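The next block holds one structure in the form of structure tokens; read it before the comments.
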Amino acid sequence: MNKKEKFFSVMKKVGTGAQKFSKNYLNYTVILAVMLVFTIFALATPMKDSTALLFQKITVAVILAVSLNFVVGFLGELSLGHAGFMAVGAFLGGKLSTILVNALGANSTNIFILILSLVLGAVCAAVCGVVVGFAALRLRGDYLAIVTLAFGEIVRVVFINSSYDNAINKINATKLPEFIKNFFAKILELLDFGGALGLQSPSFPKKKMYILVIIGFLLILFTLFVIQNILKSKTGRAITAIRDNEIAAKAMGIDVTKHKLMVFVISAAFAGMAGVLFSYANKPVSASSFGYNYSIEILIMVVLGGMGSINGSIISASLITILNEFLSKKLTGDNAIYKDLFYAVILILVIIYNNAPALKNLREKLNLKNLVGKLFNKIFKRKPNPSSVASDAARWDVVPTKIEMNEVLSTDVVIDYTGENSADIDERGGSDNGKEN
Amino acid sequence: MDLLTIIINGLSIGGIYAMIALGYTMVYGIAKMLNFAHGDIIMVGAYTVVLLFTTSPTVGIISALVLCVLVGIIVEKAAYRPLRGASPLAVLITAIGVSKLLQSAAQIFIGSEPKGLTLNLGEIRLGSLHISVLTLLTILISVAVMAGLTLFVKYTKMGRAMVAVSEDRGAAQLMGINVNSVITVTFIIGSALAALAGVFLLFKSQSVDSTFGAMPGIKAFAAAVIGGIGSIPGAMVGGVVLGFIEAIFAATPLRDYVDAIEFAILIIVLLVKPTGILGKKRREKV
Amino acid sequence: MAKKIKAPKHVPHKRENIESEYVLETRNLGISFGGLKAVQDVNLKIKKNQVYGLIGPNGAGKTTVFNLLTGVYQPTTGSFYLNGEDLTGLSQEKINRKGFARTFQNIRLFNNMTVVRNVMVGLSNQPEYKCTLFESIFRLPRHFIAERKMRKRAKELLDIFGLLDERNNLACNLPYGKQRKLEIARALATNPKLLLLDEPAAGMNPNETEDLVNTIKYICENFDMTILLIEHDMKFVSGLCDQITVLNFGTVLAEGDTKEALNNPEVIKAYIGG
């Protein structure tokens, strides 16, 4: 073996190793690194409050986007109620921490209480996930999207009207016996989420915000750990099989009910945790922050990052949050609305560019991955790898095809998705992909 | 509030919802897409009326109709048509984008302050009952519109072409129906109905801002689904059902929760009878 | 005597096992949609290791029979048994786990997944690859053992069908003939006792068809498999099947040995018309 060949074989080994590593551990490593750098900076120098708050928002956004992508990108069901799950977590987790902090006279930065309320928020959101998941068993496509939207609105309306004062006045106005009134008053105290004014949950003081950010980073790692490991197991294969063809999945003995419920529950639980984090950073927690608009904002992150791409969601959630912060600083007052206009235009253009049948040729011409691949092959004189050409994974946000319009009403009309939307999902991110012998 | 008032209120709210729901249901049946921006067309209509009403009410209402139809056509051609044949999820997300675009554009052009308009056409007294003329007008016009639309779909060539396209787009195309123009006409009718609904909603709520149409839009979609999406009588039934629910609960202490109740009913209807009250069930062929 | 015709009310079937020497036995299996009797009184008896054909003109109800047997539709009359075990009324996934696996007339692969993953989906329910979700999330040893075993088995199956080289391609990028084969491989992965093939040779050229005949024979011998198949290609049917049932308008027109049944004048009339 001459020197040059040896060099290339070593390079190849390094390359394959790097590929494997990047497939399995890259996102953990990057997030861990960012977290460490952040911690060092936070401890070494007094950090600006706004910087810590920005990072806090990023951690919440990433958890939300990744968990929503689990439903939209991998199970293939559109959920427009993610903010609703988050609200459940924020209010119920926030309520628990309020009660505990008051009862124990503890500090609002008490980590133990934070963990307890994270657990409670996750569990409560998961219970709501079961409810919506049951809807997902009977409905598909737009119908399910509307049910999730309705769920989010119900949650918002319930919390926005959950004020103790209002309700107690109504009860006092009735002619019930005194002890029943007292009983109701006790219950209402427990169910008081502040109504339109919002819940006065304990929150981290600005100087201590960095601790919440670190906890947020740890939660991101936990989210990734759970969701990615599920996706890279037989359960994950079953979930994507349901997305690709539910009828065939059933015929292969896959329990569609169990898997759909599971995905909704897990996704909701993580959204609930994100909600608890949110409640610790914002005081008061107001129900109007969790409207349908917020669900759409999370959906935009998922779409722009690429459905079925976890890393894409992480990147786009971070970038969009940063961009939001930047734009809201630049555009003050009435100009702030240009931000919304900007996102709306970008969203429409990106979707049309990536999905319009007429633009297929243009897309292939401008495909970043193909260009990079060609360049790479030119440099290393490699033969093009047929499977990588086939995968065409750089079309990162072409939408999976599960959602068939009119699915409930459909007869045998076959909607033709030939090739167009097929070769794009981050399916190959699984452990059994890439090169193996 | 007595029963008769509730009935009349329910009918007038229901009429407005039905008009919006008709737009949703027709677009859904024919273009097979959920036009999320439909609610914001209502907002466009309401704004136009507010801005031009002082010049002349007739000019205001007519230009609202024209502008809404124009916006409908432009949105369909620019945003939805390029995506015909693409994944429905992509179309749905684009529609969400269009909805945001219209809302923010309205804020930029007109400002974020709500605009108000009060109109009082007096009221009719029947014994102890006071009914505002506006409410009566709403009911009458929505009934007329629905009757007209039903006749249009049943007896005109274009109407029958619409039914054909909604049944089977491919077959309709093979029969020589120009699917593109059918879809455009659908959007025109839908937008015109939205404009009318916008006018009446405006007179009812007396003020308009950029998210004016969002909630009625979503609720009307709920009405269309409750009635059975894709079905024109279904949209009317659904609209009236929702109107009555709203009118009934507005008279009880639960009035703050009326949105939640309506959505809960939507979820229950979908779970019990996913095709809605008047929808047809079809099976997927294996 | 004129009787008032009542729409048959659907009575939930009470499952009762029977003594049966057949792998598949159906008794008066039928279904009606509304008033239309799509399939009625189908009595199939398929012995072990048999390749059994189900033929008939278009719209005869062949695929409906498949849908009944795999739980897509619930039969309105009759019942069916796998080795004497009553499977009537079970859900699709349960029927599959009991031992029926099928392919589809219009191919239904998991298009956005790789070929090897398609087969691995079929393997998920086998007891030898058992590992819980908890074990998968926390990457306990059993997860890795199960994954390794599954991949090995999937590759073996793909090798039989000559798909091993394509294993890392997306299923939708396979040519048509290979997609059909992958569907069969995926069905075999669920370790069925009866394999139901819905027009396996549709759209194949003569070479591919011949290849398929050999593969099916191979499966029968090496997997100890019983096969029920729908096909229009008469050469294919007479080359493979020892017995057939001919359906027409949802009823059995003829059944028995392939040659005899095909030469039945009724059958010829149904196919040629007249």
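Each chain gets a letter, A, B and C, in the order it is written, and its residues are counted from 1.
The criterion applied here is as follows: a residue touches a chain if its C-beta (ideal position, glycine included) is under 8 Å from a C-beta of that chain, and two chains touch if they have at least 3 such contacts.
Predicted model only: the values in this text are computed from it and were never measured.
Undergrad: Quick one: which chain's Cα centre is the longest way from chain A's?
TA: C
Undergrad: Sort the chain pairs by how many C-beta pairs are in contact and tell me the top one.
TA: A-B
Undergrad: Measuring centre to centre with CA averages, how many angstrom lie between chain A and chain C?
TA: The mean C-alpha positions of chain A and chain C differ by 40 Å.
Undergrad: If you average the Cα atoms of chain A and of chain B to get two centres, how far apart are those centres in Å?
TA: Whole-Å distance between the two chain centres: 32.
Undergrad: As a quick test, compute the distance in whole Å between the mean CA positions of chain B and chain C.
TA: 47
Undergrad: Indicate the residues of chain A shared as contacts by at least two other chains.
TA: Residues 247, 400-401.
Undergrad: Provide the list of chain C residues touching at least two other chains, using ranges where the numbers run on.
TA: Residues 72, 104 of chain C touch two or more partner chains.
Undergrad: Multi-chain contacts only, two chains or more: what residues does chain B have there?
TA: Those would be 286.
Undergrad: Which residues, counting only chain A, touch chain B once they are in their complex?
TA: Going by the criterion above, the answer is residues 78, 134-135, 138-139, 141-143, 145-147, 149-151, 153-154, 157-158, 161, 166, 170, 247, 292, 296, 299, 303, 334, 337-338, 340-341, 343-345, 347-348, 351-352, 354-359, 398-413, 415-417, 420-421.
Undergrad: For the complex, which residues does chain C have touching chain A?
TA: These residues of chain C touch chain A: 70, 72, 91-93, 96-97, 101-102, 104, 106, 108-114, 116-117, 120-125, 129, 131, 133, 136-139, 143, 146-147, 150-151, 168-170, 172-173, 186-187, 189-190.
Undergrad: Mind pulling up the chain B residues that touch chain A in the complex?
TA: My answer: residues 28, 32-34, 79, 82-90, 92-94, 96-98, 100-101, 103-105, 107-108, 111-112, 168-170, 214, 218, 221-222, 225, 229-230, 253, 256-257, 259-260, 263-264, 266-267, 270-271, 274-275, 279-286.
Undergrad: Mind pulling up the chain A residues that touch chain C in the complex?
TA: Touch list, chain A to chain C: 225-226, 229-230, 233-235, 237-238, 240-241, 243-245, 247-256, 262, 386-387, 390-391, 400-401, 414, 419, 422-425, 427-428, 430-436.
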